[in-house]
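Pasting a structure below so you can have a look.
For clarity, chains are labelled A, B, C and D in written order, and residue numbers in each chain start from 1.
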């Protein structure tokens, strides 16, 4: 079977993308696989100015998952364009830039800077980071705030496809998805991390300096799958599903409930070659299950 | 392990466990793995992930390369929690994924006098270093430890090096050890290099004394790590330039004066 | 240390309660431990009329957790009072009845029936079941609907303490907690299960006949801990924390963030004697950590 | 295992694995555990949870008591997924938690002719039953299986019983087996009892034929189970009275006519 998939204007040679913040700027993984074999590379969230991030400790392990509160440490969009992007195989595999900003105006600035970069395949608007005091969840939990951000990004992004990344920390994720759709989003991705916390009863301190963090990994897969299913039924846009994917079977589960592509996050920490090997395993499993085409399989869940 | 790989770059391999040998206390053991083709440097480390770990624990575990030769790669491990406990119960013949060599490692030239300061498990990266050093008489090795000396591979260090160890069982011993460290650092001749590895309180002391007497000191830091390759930004160290840098990829070895210990 | 704890009017000999739906009617566990040694026994959710529950399959395993969609199968409140309650050691350990209804009026009826039962130590109002089409989340996700239910139960429950059990499937759980507090709830318990889903790529069917289910077990502990922490800081009521507890250390984590007591759910499936052994382990661990009293330890997290 | 327990009630024990022996195919194995003091009945089952499972898998796994004597409790297991795979890799000497005996088991009196119908792993609960039966000549045993007969403990059944086995490798064999089942059920003399265990499609067929020829048939059902003690309501079976009842505590053995197979 041909693994190729189109998300509107964004064409991928296979549906396996990396997830922002778990794959660095891509280059960290060159010893472990060929970047050009991935569906797309989504880089760490970038802001207008470099960000120092949160104090340590920033990560802690949880049952079948982890919490992180990195706080969006990044080198800033300019330095990324200068130092990293040229080294990425963007001619062969789309590079998606994940965006973080504290206001709709800043998001617009980011879009303007990136719209004319030939190496940028799409923009992913992160309105769902739980680990920053401003600009994360305040957009992701409020449909009208989300709509305003998407609108500003869209009108400054030129022809770049705009992906909107949703937060699971809401009563009804469909409301935010619909708001993003109606304000012009091209693609929806979900889920970002679930808000969570861990503490150490010995020291009586939180395990993260930020107290709260975002939960990711296999633990959250059932939550992610449900939300992806719901959003796929609610909107007419292509959807990228993520949350806890570690195997080719997991990838197919997300496509079965309606996703067009997936992102692999925490799994890249279990082994740096994981996301690369998933592409091969996906092909094998799709053949084994006699899936004839993505069109036939996608959303074909019998209910 | 059949992969064809470039020894000059890190890689992720599947290797068998050749053997496990316990040190005097059941909490310390040596893991012998199929040899890897890497060109590695002392102070570099690897990430280990046994086959059976599935989703829990979610992270691999980082360990220094203790010693490397044609027959095996050796890791020296102390059981401190669930992950090291699970590793200790693996059977020879079972497989694990290993990736490395990671990080920068210690830099020195073979004709440089070395003052090596190790605390507890901080001995691990130095075992291979000392044993393969062409001029072991240039090494002065100071080792502080809590458990019986037989738990650690101290006796393996070349007799030609000058070796001192000091067990700490109470607060008085800790002060003695600190005094010793200060003296050794002060006395360390110009043109020599200090290499240190151990728990954070120990490294803070080393940093302070090296600063006082303006010595060329390097130290290997330990932080929790998820990816080990610089991607997650979970393991960062604050540097004197005010930036957080990844301990796994910019370190684990830092110039002592570049490290800012927070809190 | 004395493990005794008071939740307002409700006194427990230790903070370890069972969680509704995971401990049957209590009697199922008599071969595995002494019920009278537990802090309290919370029984399966009861409705006015017996309920048949959802079709099969109803449960599926997930990474470090499980999904269930039992659909509140129960024998009905009358039969419980007649057949089960007399066999429970309610004179030695409070028996808490978990209530499920489809309307505020039905909730009031349940309260009226139970208020004069001497064997009933408290009522737990389940406004957070994700697995029923009516009466579950519609109350738990809407502060004013929650307030209305609590008000009706409270005014019909006589002197029985009323526990309100919250759903985590909300943007801000504090809003619902405050609504419950202001309408007279005596105690808050949280969390119920997180909405989730699992599918089988072989058969292309959902793993649960109900499609969606509730996620429980260690996987959700970080989410639970955060919400318990937040609610403890928002309300002045005693809080019962639950979600993923499997060890004495987990129990202490919930108390450290502010809970007065805890409930043990899915862990009772890992071993039927689990909840009993937790009481002993809790005492040991509290001594080991030199916890002098619950008052001193509760909420003592250093931030 | 040192607990003092009442043999007439179920209990949760910690026992050691005495041995594991593989049947002809590596996918089938016999697990021998320290003997338990229970008074159990054929058809009852246990829940197993190895010590190392921590949080994943979250559930224990249910298995029929295959055979029980003074030396050991024996379980016969087919590897079908992660849990059975993990159990198969346990070492003798390692410990697991076991609770039981659970469920009702098969009821019969020793002087009743028995027609036992087993499909695949459905043989497990009958091994001990037949071997300890005082009048094995009263047993007629029909066994349908997919894998080589050497994978199953069929040869252990008492020679005094009449034993028939039929391997199914294709659709035609399945029809043959169904014909055989129908014939056997029809021919089964009054006053005898039919006991069946196997996959659901097989049990449906048994139910249908028993109904047609109005025979006294009992069958043991398999459902996914979380608690095994009747508490979670996750394993329910629809009965002819229109209620869902817990398979673990009301079953796993039901009168054939009481079971409603849904879908």
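FYI, a residue touches a chain if its C-beta (ideal position, glycine included) is under 8 Å from a C-beta of that chain, and two chains touch if they have at least 3 such contacts.
Values in this document were obtained by computation on a predicted structure and should not be read as measured data.
Minimum number of contact steps separating subunit B from subunit D: 1.
Note on interfaces C-D and A-D: more C-beta pairs are in contact across C-D. Subunit A and subunit B have Cα centroids lying 35 Å from one another. Measuring from the averaged C-alpha position of subunit A to that of subunit D gives a distance of 47 Å. Subunit A and subunit C have Cα centroids lying 34 Å from one another.
The residues of subunit A that reach two or more other chains are 62-65, 217-218, listed in rising order.
The multi-chain contact residues of subunit B, meaning those touching 2 or more other chains, are 55-56. Taken as a graph of touching chains, this assembly is complete, with every chain in contact with every other.
Contacts from subunit D toward subunit C in the complex involve residues 9-12, 49, 53, 55-60, 97, 99, 223-224, 226-236, 238, 242-244, 249, 262. Contacts from subunit D toward subunit B in the complex involve residues 52, 54-56, 82, 86, 89, 91.
Taken together, the subunit C residues at the contact with subunit B in this complex read 63-64. Listing the residues of subunit A that touch subunit C in their complex gives 62-65, 67, 141, 169-172, 194-199, 201-206, 211-213, 215, 217-223, 225-226, 229, 244, 249, 252-253, 256-257, 285, 289, 300-303.
Contact residues on subunit A toward subunit B in their complex (touch as defined above): 21-24, 28-29, 31-32, 44, 52-53, 55-66, 68, 70, 73, 217-218, 246, 266, 268-273.
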